[in-house]
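First chain A sits with chain B, and in the next complex the same chain sits with chain C.
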Partner chain A sequence: MNPRLLPYILILPVTLFLIVFFLYPFALVAQEAFTAGGGLSLQNFREVVGYWKFPISLRNTLLLAAAVVPVQLALALLMATMVNRMNRGRDLVLYVWTIPLGISDLAAGIIWLAIFEQSGFLNSMMGGLGLIDRPANFLSYQHPMIVFTAIALAEIWRATAIMLVILVAGIGLIPKEYYEAAEVFGASPWQRFVKITLPLLRPSLQTALILRVVLAFEIFAVVAALGGTIFPVLMGEIYAYQFDLLNGGAAAALALIVLAISIAFTLIILRVLRVPKGATI
Partner chain B sequence: MTGSATSQAALPTPRKSGRFLYMASVTLLCAWVIVPLYFLLINTVSSPDTVNNYPKPFLPPFDWSSLQFFASYQGMLSALKNSVIVALMTMVLSITIGAPAGYALSRFEFRGKELFRMLVLLTRAFPLPLLALPLAVMFIRTGLDDTAFGLALVHTTLALPFAVLITFSLFSGIPVELEEAAWTLGCTRFTAFTKVVLPLILPGIAASAIFAFVISWNEVFAAAVLTIENRTLTAFLLAKLGEAPLHLKFAGGFILVVPALIFIFAVRKYLFAMWGIANR
Partner chain C sequence: MAEIQIKNVAKSFGSYTALHDINLTIANQEFMVLLGASGCGKTTLLRIVAGLETATTGEVWINGRRVDHLPPKDRGIAMVFQNYAVFPHLTVFENIGFGLRMQKLPNDEVKRRVERTAGLMHIEQLLKRYSGELSGGQRQRVAVARALAMEPDVILMDEPLSNLDALLRLEMRAELKGVLAESKTTAIYVTHDQVEAMSLADRISVMHQGRIVQAATPIEVYRNPATEFVAGFIGNPPMNFLPAEPKGRCLWQVAGLDLQGPDTSHPLNFAIRPEDVSPAAEGLPATARIVEPLGAHLLVTCDVGGAMFRAVLDSDLTVKPGDRLTLAPNPGRVRWFNPETTQAVA
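This part shows the complex of A and B:
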């Protein structure tokens, strides 16, 4: 066999697979979104954007991402630096902190439902402490802020682990000599964090943020489990278009809008956290 | 530095309290992860009456009637079976398709390598479950609709980028010299691979296979879109969220969580290795 052909033969299966199950369906979504009444048109987009639920679900999705991602970033950075200086028990603590990595968004929603539902643990705790006379129905129209908080907490609980893993791996790549040198010059832990860890962690921060932000716009099952119809989000609306309203064109148009938002944020993150050319650890 | 003298003198106390603060925050963050899981466990091993009543016990009563109800619920066990089948298929597909590409990326320089890496990385930045919408139509035409295999194909698209990047980093960790030595000792490229490289990376391959399993096991949106009769556990639970009694939801959630706990434990050694190179 010609050795120059070997790498191409090895990557052929992945390439074919991604063309059939990634690029092709993507083209189909685009085609369906821009087709209405047998011709090229923006009708689907007008319909989706004009629907009264669209501004609400867009706002909810963006608000959730804005509330969840910064907290996750801060928490993941804190946990990663803590793990980094840990000697004993590092493996155990890391295992515990990465458990949510394997837990689905649906399961996370159900877990936090156990806490927030009317006969749930939050009410039981507050009742036990004598703070309330009878259990309140937190996940209802009367308490939109609590519904939002419950969903945000479930998301922070579930998806901080993925950022933690990426950041711990990234911190592991930073040479220890930099920290030793900084210590010799009398830098405080906070200065070391700001002047060494953060700048050198930039590639990992980039990966972690892109992954989290894109996934934050895909939030679906956590909301379905905790908020139901009280708190509409974009992915839930796509699902509703496809199944309740049987409007595939509108679902595709909304899918493209979610995609456009994801790409826009990916580009922004890439730009803001860009790594200077030729700069390596 | 003017502050250094004073901080030198007062060193023992702040260091001690800092140590305490540090241990306290580690403990607190561990509790933050574990306590919600503990609550789910309590609900799962309570009787349906206890689950639906207020106030809740804070110690598990170990009553199995909720789980029995879960097992006897119409369609639940077959949904569980479907989930396992789809996840196993995804596992096999993503490794057999992804690992050769990971090997190619780690061992060869070839034209189009960067383009190929871009294509693989690009898939990670896309809301992939959305692609289930057109695939639903495509599957109806090809007869793959509502089958475990059809869903496994979509889940493989989700797991494939990870499989390629993880195997890429695994292969990169094995020196080419080992293979070259085998060639000089009379191995062909293929036998050198099977006799030298494969045994070394088998544990890592197993870890990335488990990762693919978890990705498929946990996926909700595509599963809900692509299956109707043969629902997976996640799709089934999602469909029943509105109508199902609480104890069914909690037992279902618990069953979803258990494999995740075991799998993360099994792959913990590799979690970081795979991201260390993958994020450069």
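This part shows the complex of A and C:
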């Protein structure tokens, strides 16, 4: 067999699989989004963008991503640095910290619902401590900030570990000699983190951020469990178009808008965290 | 101006003792080489002086000031690492200026010092490059320039040339010697390469199993090794050893040859460097086994009284394997060792 052809033959099954089960459905969705009244049209896009809930759900989705992702990034960096310093018990700690990754997002939403709902842990605890007379309904339209905070907390709890795993692997790739050199030449621990760890971690930061930001725009089940219709997000609207309003064209159009936003942010992250040629480890 | 004193320094990793009670004084502006095989503790000792490792017991003094409790940056040192540790995400300019930036020196001072040291190391045309665009030799130059830019009291080097190819190593070795002599800093240089040690050092500390076995000038270490280990470690090919039989007061017999020796009763080993023997009418009876013409001279591995013996002879001689030779040792270069303690006996 021609050795130059071998790699292409080996990736052929995966490529075929992706074409059949990803690219083809994607083309169908795109076709549906751009079709209205039997012809090519932007009618579906006009409809979803013009709907009163669109700006609210777009704003909510972006706000949630803006609140959750930076906190997750900071936490994941802190946790990864701590894990990296450990000699004994490192694996155990890493396993415990990544447990939430094994829980589905709907289950995570329900766990936090059990904390925040009217008969939940938070109410019973505050009642038991005598802080409140009767259980409060935190997750109602009267407390939008609490709803937002609950969703953000659940997301942070659930999905920080995916960044952690990527960053731990990335930090492990940075040779110790760089830190020793920085220490000898006078960098404090904080300066070593800012001047050595962060810049050398750029490839891992890119991966972790792209993954988290894209997933943050796709937030759905946690919001459904904790916020219901009080806190509309883009994914929820897609679901409503498809299954409640049976408007497949509008759902497809909104899905493409989310895709466009995701691609835009991916490009921004790639650009901001790019590593100049010749500057890799 | 910096003298380094290492007082009773010991280091253990768990139950393993890497360094036993090291005492060493390095004079101001002296170039001290720590020489030894891998695992002898030389790098650990250097890292203790640098502050990257903490001694289990003992003290380190630099310039009359006790520094073993200070972080590396407060010790007045700079270091060149084995794998260079040139930061990949910074340009050559920012690498050389890294320590100066940490000291918050003004921009024009940083620029002046970076350009001066880059000039010294002949890398001024590379200042805008990243380390990924440099060859190993150029990275090495950046690492040395970064250390020199600090204008340190002491410069510490951990096998800085070991990753370079042979030709480049030779070139950098001579250059390092010149630049460091110029900079008037005290230097500690770790290496396992005895030629490097001989050519660079004012003084060599030969280390073995966590101890300094001899600290002396290169020529002293070569001519008068303190132990059999030093005698065998320094010099290529190494020193020859043959058992000696006592034949009377100050008289010893080595492979049938009578020689004047030390006045002692216990058995001794006779030792001589391969280049310190020559064919003569009277001497050690040898049978040539392997003959290697090396251009400048002839390396003959022979059999003397059942032991292996190497001789470096004039290349004009014709010697074939199986030839019988009589090799006379140069009396002034004969050394004696106690085989029990392996120490030199005068």
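Keep in mind that, in the parts below, the second predicted complex is superposed on the first by the 276 of 281 C-alpha atoms of A that agree within 3 Å, B and C clash if a C-alpha of one lies under 4 Å from a C-alpha of the other, contacts with A are read in each partner's own complex, and residues count from 1 in each chain.
Keep in mind that, in the parts below, contacts are C-beta pairs under 8 Å (C-beta built on N, C-alpha and C of every residue); 3 or more make two chains touch, one makes a residue touch a chain.
For clarity, every value in this text was computed on a predicted model and none was experimentally measured.
Once chain A is used to superpose the two complexes, chain B occupies space next to chain C without a clash. Judged by the touch definition given at the top, the superposed model places A:Val223 against neither chain B nor chain C. Of the two partner chains placed by the overlay, neither chain B nor chain C lies in contact with A:Ala240.
By the touch criterion defined above, A:Val48 lies against neither chain B nor chain C after alignment on the C-alpha atoms of chain A. Using the contact criterion defined above for the overlaid structures, shared-chain residue A:Ala187 touches chain C, although it does not reach chain B.
Shared-chain residue A:Gly127: touches chain B; no touch with chain C.
Vertex at chain A: the C-alpha centres of chain B and chain C lie 80° apart in angle, rounded to steps of 10. By the document's definition of touching, of the two partners only chain B reaches A:Pro7; chain C does not. Touch counts on chain A: comparing chain C and chain B, the chain ahead is B. Applying the stated contact rule after C-alpha superposition, one finds that A:Ile103 touches chain B and leaves chain C untouched. Of all C-alpha pairs linking chain B and chain C after the chain A fit, the shortest spans 6 Å. Annotation: chain A residues 186 touch chain B in one complex and chain C in the other. Residue ranges on chain A touching chain B, taken from their complex, read 4, 6-8, 10-11, 13-15, 17-18, 21-22, 25-26, 28-29, 32, 75, 78-79, 82, 86, 91, 93-107, 110-115, 117-121, 123-124, 127-128, 135, 157, 165-166, 168-170, 172-173, 186, 203-204, 206-208, 210-211, 214, 217-218, 220-221, 224-225, 228, 235, 238-239, 242-243, 248, 251-252, 255, 258-259, 262-263, 266.
Listed in rising order, the residues of chain B touching chain A in the complex are 1, 4, 22, 25-26, 29-30, 32-34, 36-37, 39-40, 43, 51-56, 58, 96-98, 100-101, 103-105, 107-108, 110, 112-113, 116, 119-120, 123-131, 133-135, 137-138, 153-154, 156-157, 160, 164, 189, 214, 217-221, 224-225, 234, 237-238, 241-242, 246, 249-250, 252-253, 256-257, 259-261, 263-265, 268, 271-273, 275-276, 278-280. Of all residues in chain A, those touching chain C in their complex are 175, 177-178, 180-187, 191, 196, 199-200, 202, 275-281. The residues of chain C lying in touch with chain A in their complex are 50-52, 71-73, 77-79, 81-83, 85, 87-90, 98-99, 102-103, 129-133, 146, 150.
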